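Okay, so chain A shows up in both of these, paired with chain B first and chain C after.
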Partner chain A sequence: MREDRGKVLVIPCSGIGKVHGLLSRESAYLVTDELAPDETDVVCLALLVREDEETLAKVRVNPCITIDGCGKACAQKNVEIAGGQVASAVQVAKILTKHRDSQPGTGSELTEEGWAISREIAEAVAEEASRVSAGQEVA
Partner chain B sequence: MNYVVLACTGLDKPEGSVAREVAILLAEEAGAAIVCPVVLNRTPARYKKALAEDRLIVVDGCATRCASKLAAAAQAKPVQKVLISGVVKAAGRALDPELRLGADALELARKIADDIKATGAAASKEALGAGQAPAEAEFESPSDFTVVVHEKYEFRIPLSGYFFNANDVWVQVAGTRARVGISDYMQQRLTDITYVDPPEIGTTVEQFGEVGTVESTKANFEVVSPVSGTVVRINEAVDDAPESINEDPYGAWIAELELSAWEEDRALLVDGRTYAADVERKAAED
Partner chain C sequence: MAAEMNKTMKVGIIACSGEEIPEGTISRSAVRRVLESLRPSETVTLCLPLFLAGNEGERNFARTHPIITIDGCDKECARWGTEKHGGPVSRALVVTDILGTSAAGCSRSSRERGPADERAVAAVAERIAAEVDALMKEGLEAHDDGSS
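Take a look at the complex of A and B:
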């Protein structure tokens, strides 16, 4: 079935106003713009929940990696509701527990520490995307 | 009364990034509470109180208008809507395709946020309500129609009280106020109307400028204003039930304007009888 697949879809949380959401978004951009632009594409979660037909079709055909800000896991849940396959789900809040003393920034701006965490998340997602893209078993 | 802002989270278009930046500026500088569109879609109860009590500003990135549609689905009534792609177009600008905003786009977001604060601060739901408007009775329902028959279609056109432009938009005038809507002919051409995006209250509109858009299962239609003036009221009933335009095109007005140049505008409009002849010709050409 791999011939039916296109890029791995990276779907960040839509969170606005909290650093978790910003980390989610910036990590996604790092993956799709810099780390794995040929293997990945970003999908707008708001379009998905609005049941945009083109977005639904993409999500149902391509493997997805979701990056959620918090435990609500809006991105993961909405991809699943839409009938998409979540190959891997990342939660920024869990990752931040490993950086308890850091100051990643605010909902509008990341600090240097925030950018470093964003890159850490992005590198993990890009690695996962490469595995998924190559058709390897998802961890 | 406080603000709440529901913005497109646009992850894949720069217009969306601007919308998001506007929301953040409003949160940081005007104390607006941010409504997450995805959470609103999943658990609307979470925002029920804020949407009922506070002034809602909706900021859409592109013409897909996810934020507006999610607000409508939650039966929330915005006091102000902004469409970033429309602002960009009106300003004759183009956004850099980069999703991370550059200096120009950030400046644009800043200007839009400042405009919202300036215009929105003066408005409250009460001020935008019936208190400012003339009584309903001043806009009388049409009673005398002519009907243009073309094949299996019948197009009704009021013979008095309504004027039309060449874009199939009508205007009904009462004193210094005017209501605009789309004709029976146009609503039938559009078929099932699914969404109405009214103009922002406070917007100054020139004759033949845009005074909202109407979306149907078949096409998007720009409502070309037959008159110039300032938008003072929008028809929330049409916002809630766009199909009412199909059911009652001459009652389901879209926007109400305070006229600024009616006599001059009138010279470029036609009455119902002349419009009927135009419809007959248009229908034959379709």
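Take a look at the complex of A and C:
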């Protein structure tokens, strides 16, 4: 399984009911597609929960950063249940408390303000991924 | 009685929302469109991660209502999870079956959404809405048969 080792896996919950889930999803894409494409990769949470062997193997050998919309922490819990290591767990709801009067959008689309919050989350995740990745290389 | 049932019956829709492929984004966006625009009175959505994490409210709903799953690919994670924890689904749709190869030009992120994404979401949402209509009709007919 050594060939699976390498990238930090970013796993959002993508919860469908509220803007929190969309923020988690779009933040993950900002990290993996724009901010840290060489160090990170996104993984389907549904595939992980479905016990897909390839996905389980990836999650068990690579550090994971989960981005959950709410305190139910579905992404974090499911990575832990699958035997993965959660290097860092981000919660969108907590971040939104710093933006009390903001209108980030809906579960279908983000406003400009929502995209700005998404970028703030993504930058924090990318920074964490870089730190985790550097630690992994040293180890 | 039929009208009364029509007001109260809801169809649950569960998308896989798979993050790795554009079809996962299409599944999510199409479900949101059905809920917000096409069939807002007849449908609700269940959060798949929450459902799979063991939320009893979501699982009870799946056991007692017709459910449509909409998966991005043929691994059918939404269907698999729903049937494992909530029983058989009423309809199982797969984006790649509906769109064929036309999702190839679509994006994962809504930042890059363009005409191809819009067409794909519209086609899948219309298909879900048609299945909702069929299930509502089946439900009403079964109800009428039972009460006659």
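Note that the second predicted complex is superposed on the first by the 131 of 139 C-alpha atoms of A that agree within 3 Å, B and C clash if a C-alpha of one lies under 4 Å from a C-alpha of the other, contacts with A are read in each partner's own complex, and residues count from 1 in each chain.
In this section, contacts are C-beta pairs under 8 Å (C-beta built on N, C-alpha and C of every residue); 3 or more make two chains touch, one makes a residue touch a chain.
These numbers were taken from a predicted model, which means no experiment stands behind them.
Considered on the superposed chain A, chain B and chain C are sterically incompatible, since they clash. Within the superposed three-chain model, A:Ala93 lies out of touch with both chain B and chain C [touch as defined at top]. Contact with chain C, but none with chain B, is seen for A:Leu110 once the two complexes are overlaid on the shared chain. By the touch criterion defined above, A:Ala124 lies against neither chain B nor chain C after alignment on the C-alpha atoms of chain A. Of the two partner chains placed by superposition, chain B and chain C are both touched by A:Tyr29.
Applying the stated contact rule after C-alpha superposition, one finds that A:Ala82 touches neither chain B nor chain C. Once chain A of one complex is fitted onto chain A of the other, the partner contacts of A:Cys44 extend to both chain B and chain C. In the superposed pair of complexes, A:Ile16 makes contact with chain B and with chain C alike. If you count the residues of chain A touched by chain B and by chain C, you find the higher number for C. The interface of chain A with chain B overlaps its interface with chain C at residues 12-17, 25, 28-29, 33, 42-47, 49-50, 52, 72, 74-75, 77-78, 107-108. Residues of chain B touching chain A in their complex: 7-13, 16, 20-21, 23-24, 27-28, 34, 36-39, 41-42, 64, 66-67, 69-70, 99-100. Considering their complex, residues 11-17, 21-22, 25-26, 28-30, 33, 42-47, 49-50, 52, 72, 74-75, 77-78, 107-110, 115 of chain A touch chain C.
Taken in their complex, chain C has these residues touching chain A: 15-21, 24, 28-29, 31-33, 36, 45, 47-50, 52-53, 55, 75, 77-78, 80-81, 108-111.
In the complex of the two chains, the chain A residues touching chain B come out as 12-17, 25, 28-29, 33, 42-47, 49-50, 52, 72, 74-75, 77-78, 107-108.
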